[in-house]
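There are two complexes below, and they share subunit A, which is joined by subunit B in the first and by subunit C in the second.
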Partner chain A sequence: MNSMPDVTDPFAGERLKESPFHPRQAALNLRDAWSSWNGYKFADYYYDEEYEYFCIRNSCATYDICPMQKYILSGPDAEAMLNRMVTRDITKLKENRVTYVCWCTDEGRLIDDGTIFKLGADRFLLTCGSPSLAWLRKSAFGFNQLHITDMSDDIAALSLQGPTSCEVLKKMGLQGIENLKPFCISHFPFAGSEDTPLMVSRTGFTGDLGYELWISPDLALEFWDALYRAGENYGIQPYGESATNMARLEAGFIMPGMEFNEALKTIHFQYDQTPFELSLDWLVDFKKPHFNGRNALLKERDQGAEYTLVKLDIEGNKPAEESFLYADEDCSKEIGYVTSAMWSPVVKANIALAMVKTSALKSTIWAEIYYSKELRHHSKVAKCTLQKKPFWAPERARATPPAAF
Partner chain B sequence: MQTYDNIIIGGGHNGLICATYLAQKGQSVLLLEATDGLGGLATTREFYPGFRAPVAHSLSHFSETVVEQLNLLKHGYTPSSEVLDTIGLNLNGEHVVVSGEHISGVNKADQQTYADYLVLLKRFAKMLKPFWLKTMPRIGDNSFPDLMTFGQLGLKLRLLGKKDMGEFMRVATLPARDLMDENFDNDILKAVLSWDGLIGSKMAPRSPNATVLNMLYRMSGKHHGAHSLPEGGIQNLISALHNAALDAGVTVKTGALVKRIVIKGSSSGLAATGVELADGTLISSARVVSSADPKQTFLNLVGANNLEIGFTNRINRLRCDGYVAKLHLALDGAPKFTGLKNPNGRMIIAPKLDAIEFAFDDAKYGEYSKSPVMEIIIPSMVDNLLAPKGQQVLSAHVMYVPHKLKGGWTDEARQNLYQRLIDTLESYAPGIRQQIIHGEILTPADLEQTYHLTGGHWHHAELSMDQMLMMRPTYEAAQYSTPIPGLYLCGAGSHPGGGLMGGPGHNAAKEIIGAKKEL
Partner chain C sequence: MKKYDAIIVGAGHNGLTNAAYLAKAGLDVLVVEKNEYIGGAAVTREMHDGWFYSSCSYVCSMMRQTIHRDLNLTKHGLVLVPYLGTVVFADNGDTMASYHSEEAEYNQLRRRSPHDADAMFRFQTDLGRYAQLIRKTLLRTPPNPTSFKPRDIRELLWLAKEFWSLGEKELYEYIRFFTMSAADFLDDYFEDDLIKAAMASPGVIGTALGVYSPGSAYILLHHVMGDVDGNVGAWGLARGGMGAISNAIAGALQEHGGEIRTNAGVDKIVVKNGKATGVVLDNGDELHSNIVVSNMDAKRTFTQCMDKNDLPAGIYEKAKNFKIRGSSGKVNIALSGLPKFNNVADNRYINRGGQGFVGSMETMERAYDCWKHGRWSEDPFIESVIPSAWDPTVAPPGQHWMSNFVQYCPPQLADGPWTSEKRDAFGQTVVNKLERYSPGFKDLIVHMEVRTPHDIEAEIGLTEGNIFQGELTIDQLLFNRPFPGYAQYRMPIKNMYMCGSSTHPGGGVSSACGANAAREILMDLKRPNTVPEDDFYDE
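This part shows the complex of A and B:
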């Protein structure tokens, strides 16, 4: 739990908050590799980023999503308010289902993406990466039968990802968890209570089989212990930001600060992005008569986006981090830039997400890659191949029930 | 079901004007007015059996173009060639009288300066005049007509000559007080000349903003800012507008409160397709043109769920709180102002600029002033139908009376304000208290209720730098069209603003007709 501010500490207000899982995570953070997210002390990695990544892909691993922002929107106007805010049609969302959404400014620039959980007919949970209360309040203006509660500090959550994740939850006693389908929600009893204080959604940010586990902060440690006991023989391990970033890139998921610059934080004109540029066309539902940014997005759909986010398979094995992209091997005609890149162990390919001028997508794409070898810098030009499908989308991510272990 | 080309919401002068222009082009027009009469804030109301008074009580800048194009003279409009004197009342009876280009009651220096001052302001007013009847350019849209308007404004400014251009740039946003102090000595004169820059706004003599522009806007009228009343009073103008509308084929319905603008959604987006009345009647139309204030139009009639988030919040933040109250008195005879032969002018009680400033200070903090300042007309002197024979009606605009009074507008608060106003009047017109048969006070909150007007604001929305020209009421709705296809604005909340002028109604009609041509 958050410790009470120490009155004798001159930096009390500056110190990072501790997640409800902190005591257990701190004990396992062998490298003391902490960074921060939304004011929380947050692990970059615990032991070794590659090890944690392999746990995600080969056994299972937990990621602390307490710092993620969580808002409960309730009341008769909640659905209408959200439906006007996000680009997807959430009137189609059924109860106990989750959907991935994004929302834009009036000008159609992406503010953030996140997930909406439909908890009841007029009760929704919205989660996202950055604090969004100000925008929610603006979006709520004119919707009077609506209550917005910031639950960010009041819901503890862990993401449990990897092929053995279902087995671990079964071992923990979550009856019927194997029948939970992707993007569905279920509630379970916990800590001997008749109630169902544990909410499980089959969601995640790794593209693999996985679940997100939601519980009250005062049960957090008890829950951790039960989970880790159940996971003991299934290779359970906490993972941090670095492994997340590898897994999500293989799955083709976008990250703020990498693929997109949140519109409300963008200073330079159009240095933010639209859903079309980010290849999120499938999230924009023009069958819906109105949503924020619709007019601007309609215009962009008809004119075509200037840039398009693409997946690249790059020859060689040098990650194309921060590379410029060209239409020719001589690197004379610049056509874009890489946003995220890595050597993917599971796909065994040199992969990247990149913003490329839409007009240049038909030509061959070349990346100018800088890398260093024992303090000496080198560069090379590598040919890129457009990849349509996510680099990593295993059958097990969708299988219901998932394979037993 | 019958469907119209246009439904106009509101039968104030702008709604009537817009309706008439459209009907003259052969379009079918249904005008819906919530109250039982026409005229909106220029309605002449019976406030006591046999006694009637117009809310807006004089004309300063009614558009001559509109008079001409709508043939208002033919429809019975009888403007007066005479202007009203503006009389700065002095407790001791030594009043300052502004009579066209002449002033009395001030020293020679002030008289001479006034002549020069007037010449300069007239030049500025003349330069700006064409732009009040033009659609303002769209921000960020470099279309040819928009660039032309910008270009014309630049050219007009340039044609003023280097010195005057500089001077215009200097004074345009000057507080009234600075402009007065650098020109005149006489306290009453300074107050009187500032008056038309201030009235209707939440600005006082020391406020830098659009006071001078407001003055120049009002100087766009036939008499360069001097006030006048048509024969037959304000009602004469409204009747002429009504006749013109009927003659052009407009269907006018009063007692028809629009509850909702019907917005239909399809995969091609939203569009306004008609209105729903308070009684549930649905009427469809190709276009809905609203002269209701922007907040009411967008937030109540359209609804936030049909609008963009940023846009909705900008509309919500529009400053619409009115600061002018109306006092109507039924008198058993003409009031006798100390030292004034005949109260047939526009009389101003504001002994000095600080009197206005201090009244404003009270209102800023949610109170009405201990020493209110006001403008008085006895309209029954021009229109003897307003009161029974031998009796009179007094009409006063009182500044600054806040829409949101601290503690709310209780009966007691209204009574106290009323007494304070009568006390003030009594000191300038001894004996007036005994002449009162009946009195009514309309606070901005009352105007809001009676005339369906958010905040009860004179201009529907404050006419200040951030809410004028291509920002009026806000960008993306400043060219009369709105983010909703088929929905237009045509009231005082649009460029050029309020006052009995007709610009918004005229400009909106031009936009609608122009847009139709392009189709």
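This part shows the complex of A and C:
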């Protein structure tokens, strides 16, 4: 590969990469609202963030997950290596199933979360938000019968989410798609071929009915067109980072850079988090053989985490963005901070995820909220109520087959 | 014989809201409804195989979020989805789309009139200022200005303070605004006729006034002061149709132990010794209760469901003269495909939201002239929405249903009573107009439901088919709604209340009337209040 910049465009070296779906997405990005993700040009939104959010909740919408990092781990040692790296027991994962995992440093601090797809007995796909090749290589030390291939640029993927998503895939001709259960994988023919180059997993990051669609980049545009043709009467629309962030918060999912600071990128001592702090206890399996961070996590399990990530339902309608939390209405005893907050249009509630000192969870929680009105700053103190379940968890997200809408 | 704590007459959205809050306070409540379905005018009905019409009301922006949240209506199946994009059509074929981006909207207005593009900022700001004040009153009981009760004095002072906070100049403007016509109000801002016509149309919706009639300016405000998730002026669709709102409130009511009986029309509200004691149903059954809450309009309540002799002097006359003139019809159309309109780009965000066939200021006024003469308008103002373009649940995929709100259409015709032939002819007038703007429209029609004010009254019970349960003019607003002296939801008969849109804050699917009435009832019963106080005033 030629690493020399293209001199015909003096700024070529600075320009972002374009996803295989870019030509179609660019045509629909009426607001030119671009940001970036892992070196790719990436939409914040295309038309309007709230509209796109409502497509996720009301019809269906696609999110470009090409910039997500994708690694194929194959070979007889693949399973053992992954099991050594992540906190969950991967040996329980069946073929054509997906599982949500996280992995930690020796100190039990969270490096990243992601999903593992078991594609074959000794073939796995690991996806995650941040580039992780270096950590995978380090984790593979001692596992010799193993290949790690960075497929990030070699698999194109779209996340199709929303109540009409299953209908759209049916309309596209994916036979039996309605029987695909959550966290399961299926393969389908595409573009007239008898092969099955289209992989579909019933996964997503919105808490709603939805699928992730995986295909070779050279088929990306053809695939997009087929999907959008099928979706035309089902309200299909691309969505960007803003709508994703709204949907995932309602679903109670954590986001790097919001709820957690990746351990390998954390300068200050313990400014990163442990799975226990992030309420990911259910991802940590002490019954399985040794895994990275096990000792530290055992210790934390017994001592209790200093902070706990909680879901809050907050009085009023002012989002508690970047709010401090207190144990008293006078705001004298600080007990935590809000990590993500928004007004939830579908639930009609003022919701937030927050890190609260575990010892203070029993007290009443108050948020000091700052907001501005025509340039003048105001603050208010609002009572918070702990919420156990996700803010949004519709029946259709679990049902198989899901209802038509 | 069973005695309920409260019987609510009419399972429209306000009646259900009222009942839900009373039930939440622990009262044993029963809602009686004359139709076999609940919802009143906030209803979804499958009128053709696979097509679910919001037969009457069709969009929503006034629904109080605080009530939505408090009654947990999302859990009971309610999702409100904002819809985008309206195109208005002028007589001469011109079109103007409302774009969702402020910048795009500005550019478009500038192409019509640079003056009006600039004036739009001032217009929106002024409307926002007026709206903000009215919005704050929605979940409050209007004070009685003649009372010396501490609560009335406190509320009056609050109201006075809010008015004063507008500043002296705006105070005068505001008072003028309440009595102005939409046309006069708009003349102060705009020069382009289509822009004016587009802005004026909300000033006459549901009202037997024309764009040049005094009082229409306020009605304009009533239609733009709502919001969806804090976006003031935005309109939403209830996923599954407007019935989803009523059904969700009914779900909350039932969760709190309330009861609903359909096919149970009320013949009479029973009064004994000056107190309401229950109702007699159409089938002759008498049901007993400690209080009776009427969700029917004021005119129907007092002139049709009560014995004149049970009423204090003057009330019957007040009710008889209550201004509740029907002015609009509704044509619901099932379509085999999405209609294409002349001079509208194939822009997926604007060509499937709403259509406003406003024509011009002149056309709208001429349409009103027909109404005055007891005829439906030959060239009516039509406000249309195609909810199926947004909501996948209301029509088969790729097919659509179009809601057409038509003005003007009188409840009584000059040439004799409404007949099915006349109703069909009215429907045809509407279809002909749509065909003019969308050649081929007629070929798409799969099914059609035509509703005149006469039909709306017969079916829903709204007197004269008035969609607001009484016109929204200053003589019938705030402490004058429905009648001076009776604006606090208590009626002249002891133990009797009203909770429908005939009361403050008036028409629209807001749940506010029902909630406010529940708060007053609970206060009288010395029960703890279950109605939320925080209406997110501080915006």
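Please note the rule applied: the second predicted complex is superposed on the first by the 398 of 405 C-alpha atoms of A that agree within 3 Å, B and C clash if a C-alpha of one lies under 4 Å from a C-alpha of the other, contacts with A are read in each partner's own complex, and residues count from 1 in each chain.
To be clear about the criterion, a contact is a pair of C-beta atoms (placed from the backbone, for glycine too) under 8 Å apart; a residue touches a chain by one contact, two chains touch by 3 or more.
From a predicted model like this one, the values you see are computed outputs, not experimental measurements.
**Student:** On subunit A, do subunit B and subunit C fit together or clash when superposed?
**Tutor:** fit
**Student:** Is A:Lys348 contacted by the first partner subunit B, the second partner subunit C, both or neither?
**Tutor:** second
**Student:** Between subunit B and subunit C, whom does A:Thr164 touch in the aligned arrangement: first, second, both, or neither?
**Tutor:** second
**Student:** Taking C-alpha centres, what angle do subunit B and subunit C open up at subunit A, rounded to the nearest 10 degrees?
**Tutor:** Once the structures are overlaid on A, subunit A sees subunit B and subunit C at 160 degrees.
**Student:** Using the touch definition from the top, say if A:Gly304 reaches subunit B (first), subunit C (second), both or neither.
**Tutor:** It touches nothing on subunit B or subunit C.
**Student:** Is A:Asn58 touching anything from subunit B or subunit C once the two structures are fitted on A? First, second, both or neither.
**Tutor:** Once the two structures are laid over each other on A, A:Asn58 reaches subunit C alone.
**Student:** Which partner chains sit in contact with A:Phe143 here, subunit B, subunit C, both or neither? Use first/second/both/neither.
**Tutor:** Once the two structures are laid over each other on A, A:Phe143 reaches subunit B alone.
**Student:** On the A-aligned overlay, A:Glu315 touches which partner chain: subunit B = first, subunit C = second, or both, or neither?
**Tutor:** A:Glu315 sits against subunit C, while subunit B stays out of touch.
**Student:** Quick one: minimum Cα-Cα distance, subunit B versus subunit C, in the superposed arrangement, integer Å.
**Tutor:** Superposed model gives a least subunit B-subunit C C-alpha distance of 41 Å.
**Student:** Do any residues of subunit A touch both subunit B and subunit C, and if so, which are they?
**Tutor:** None.
**Student:** Which of the residues in subunit A come into contact with subunit B in the complex?
**Tutor:** On the subunit A side, the touching residues are 80-81, 84-85, 105-106, 135, 138-139, 141-143, 286-287, 289-290, 292-295, 298.
**Student:** Where on subunit C is subunit A touching in the complex?
**Tutor:** 65, 68-69, 73-74, 79-82, 84, 100-101, 228-231, 239, 349, 390-393, 397-398, 534, 536, 538-539
**Student:** Which residues of subunit A touch subunit C in their complex?
**Tutor:** Checking each residue of subunit A against subunit C gives 30-31, 47-48, 50-51, 54, 57-59, 163-164, 167, 171, 232-235, 315-317, 343, 345-349, 373, 378, 380, 405.
**Student:** Per the contact definition, I'd like the list of subunit B residues that touch subunit A in the complex.
**Tutor:** That would be residues 264-267, 269-270, 299, 303-313, 316, 483 of subunit B.
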